[in-house]
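The two complexes that follow have chain A in common; it is paired with chain B in the first and with chain C in the second.
And now, the complex of A and B:
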């Protein structure tokens, strides 16, 4: 196990008490594996990942739980401890490539900065390596673009630069928070392909956050489906897509429009609204929208269980 | 970058011409006869005639302006009535003192406000922030003559670290030594203004995604703030600073008086009181040019701070 999360609870103060953005999250990740974190907006995917690297936006904070990375606890690391983990061991790619680069620094220098500070490479050599990294992430004429500023690049190129920053110090784990959401569909596939290639080359584990079933199905080995801050189902890609256990996963799969369906069935949306995290029902948060819900659902504790350890669901029914 | 600089300089030329016209117009726009004003109402017609001739008032206005313009280009504004010396020399001597004082004050203001704003922004709405904002409100609210007197009393009379007043220009270090207390007085007026604008732009900048992205790359907090956030927050502060520098060049009369510093502020007051028209004209032009230059410098520093402002096309 490269990463193990036990009972992670991350909360934000809300008008009526605490809002649990991540609620008793349990995840395991073996090295070299790509885990897809799937869920709609507000389901706690980003907060879970930000909790891993200790960058929960204020005033949110981790209330409870344990995060182990390579056997060492990441919780209550001091700033010096974090400095050794972030960048060097865990790379992070944020959602919006438009704003995750410093607008006033040359992109080459932003990559070189990682090399000089994290790997102690002298400045001149770092410049050469930064140009090599630009080549590696597929930036054309890298020595010229070394001197470009972020506003001179397209969204796809900026995301490539951010990827170069994240992998510059060859981390063991790469967390990509919806890396393609802000990009054109044609660019999305290129960026994801690049991430997978780099993952194999550097031999990293990867967490790929997405709300796109297609992306997860194509690029991930394992999937964790999140709903209202909870992991509701966990399993291999094949298990999740061929044999979904949790009603939410099933409903999600049903809602995907198909071009090749035999019958003209129209769209099958999940009824109701995404839940208000401040006013969750007791028990299973999906119960109000679930077509199989019964009175026992308010006693469900959302812990994962299943016939085998490789495929777990939070729904006991 | 180069074309941006050239464009900015060219843009300031019309303003410069207008300022020159305005400085010249001082003598025409003031009602009454300048010669009469200067010599008083007991002056003989003969002396009035001589002064008019000396000032060139007997010639047509267009010719007067042309002569003033020619003189202004080479820095010749005639002789000061008050000081019986060439205006350019009088202004030059005082300008050095004022520029030195202002530069020193700005240095002190930045030295004080940068750390205050950074701590306030990082600990926003917590006790260090409240304390620092309260303290800077006090120094800002204190009138400069009062603050100046307090400093002179404590550091000058009581502790004897600095002179109570006066200015020595025998060498640069003694000049700075004598200017320390006045510079602190002006600096403490300026610092809260800078700290305020810097604090708010730091807070805005700290919320941007690239800050957490830089933290996520495992940089030290010092590097994230000092290397990334601070520089991007400086533009608003440069604006506040440049506006105040233009004003403070002549706006330091009170501080100059408290510490008996021979600067431009006291000179312009004397010149106006004595109706020393050549001196008033030269000083008006000088202040105008100074404001233009500070704005130009501010524009240039925007371009240095933020590459997006250099609207130059690459290649």
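And now, the complex of A and C:
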């Protein structure tokens, strides 16, 4: 087990008390596996991942829970300790590469910097290796683009540069937070394929955050579906898509537009509005939008259970 | 196709932008670089149908839509709308025409005035175009809200008090406030969560039936287009590369770009994983390839493709394709 999260609760102060952005999250990840964190905006996907790497934006904080990475707790790390983990053991890729890259530095130097600071490689060797990394992430004429600035590159190329930075130190875990949401679908397919190939090559684990069912189905091995800060279902990608257990997963699967939509026009959207984290009902947060909701739903404690350990759901009904 | 069934007809619409030259270039009379945003687009839209326009970012979808109601002035081209010429309309005529064609944008938060209540925004639209008539204001507002599935109490709320889906409903209500015959929805569901996306798509479908609306629906997601459109136009670098009935486009795509778009679409099916067949990214519109614009990304490109640009050819069923093969 490379990563294990137990009962993670991350909260932000709200007008009427604390708002739980991540609520009792339990996740486990083995090496070589791609875990998809699937959910709509505000479901707690990003906050869960930011909690893992200790980057919860202020005034938010981790209330309780345990995060174990390669058998060591990450919650007790000081800033010195974090520096040894972030970027070298855990790589990160964010949605908007323009704001993640430094606009005033050449992209090659930004990759070389990771190599010199995280791995202690001498500068000259780091430059050669940075060019090799640019080749690896599919940038044409890498020695010329070494000297490019981020604004000179297209969105897809910037994301490739960011991937090169993230994998430069050969991390054990790569967290990709909506890495292709801002990209066109043809570029998205290329970038995600690249990530999966690199994952196999470096033998790392990957967390892929996405709101897109298609992306998760195509590229992940295991899936955790999140709603209102809670993991509502967890299982293998085939289980989630072919035999969903939780009513939210089922409803979402019915509501996604498909390429065959012209054959039968009917979309079955989920009724109601997305949850307001400040005013959640007691018990199951999905109950107000669920067509199977009953009075017992207000007593559900959202812990995951299931007939087998590999496929769990938070809905006991 | 009977002439009166066509609501809007576009012929040879183009929009170019000249880039700024340096002083030296201007003095040396170096011609300004031209950016071609929309290139010679011809389309006709029948009454009561939904035309989907799909393409990657930078393909000219939005510029085309804005040219249609002259939010952007087109350079050349004829746009006729129920026997009126939009492209040569005077300011007064344009005002009348814009009452008939309304737009819904991607981000309802920036298209609704944050200081106005939803009710005020709807009444204002009705007063400006005088569609409110003699009916009492609150009746007019609640009727519109009901049409888009919002409770009458929303009239007193401001945009920030609404969720993304509710805001988009309010934006649609405002577009409908002037009783248009045509709606241009520019990425109207792209910013919404998938569970809400379906609600808005179904709402547009119901409104189209109820109000006999003609809709131009712009999206970058093929799957969304598949659910709403009767006809689809696929755009690439300012040109229409394929156009036809939705079922023809989806069951028998002819242009390699359309096929590549479909091949790259992530299906929500883990057992049917895709292999991306297209390399590279959309080229800069400032450095267009010679010949066919798709030549450097096309898996079937041959010598002829970089020599001459293919014309849109029409097949018997009205399917149009711009490809040499």
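Some notes on this structure:
Just so it is clear, the second predicted complex is superposed on the first by the 310 of 317 C-alpha atoms of A that agree within 3 Å, B and C clash if a C-alpha of one lies under 4 Å from a C-alpha of the other, contacts with A are read in each partner's own complex, and residues count from 1 in each chain.
Methods note: contacts are C-beta pairs under 8 Å (C-beta built on N, C-alpha and C of every residue); 3 or more make two chains touch, one makes a residue touch a chain.
The structure presented is a predicted model; accordingly, all values stated were derived computationally and were not measured.
Applying the stated clash criterion after superposition on chain A shows that chain B and chain C can sit side by side.
Residue contacts after overlaying the shared chain place A:255 against chain C, while chain B stays out of touching range. Shared-chain residue A:96: touches chain B; no touch with chain C. In the superposition on chain A, A:104 makes contact with chain B only, while chain C stays out of contact range.
Using the contact criterion defined above for the overlaid structures, shared-chain residue A:143 touches neither chain B nor chain C, since it reaches no partner. In the superposed model, A:113 makes contact with chain B only, not with chain C. When chain B and chain C are set side by side, the one touching more residues of chain A is C. With chain A as vertex, the superposed Cα centres of chain B and chain C define an angle of 80 degrees, given in steps of 10. After overlaying the two complexes on the shared chain, residue contacts for A:84 are found with chain B alone; chain C is out of touch. Aligning both complexes on chain A leaves chain B and chain C separated at their closest CA atoms by 10 Å. The touching residues of chain C, counted against chain A in their complex, run 56-57, 163-166, 193-199, 201-202, 205, 220-224, 226-229, 246-247, 250, 260-271, 273-274, 276, 278-279, 281-282. Contact residues of chain A toward chain B in the complex are 53, 55, 57, 79, 82-88, 91-92, 94, 96, 99-105, 113-114, 117-118, 149, 151-152, 162, 165-166, 169.
Across the interface of their complex, chain A is touched by residues 208-210, 212-221, 223, 227-228, 231-232, 305-308, 314 of chain B. By the touch criterion stated above, chain A contacts chain C in their complex at residues 40-41, 154, 156-157, 184-190, 193, 211-215, 217-220, 237-238, 241-242, 251-253, 255-263, 265, 267-271, 273-274.
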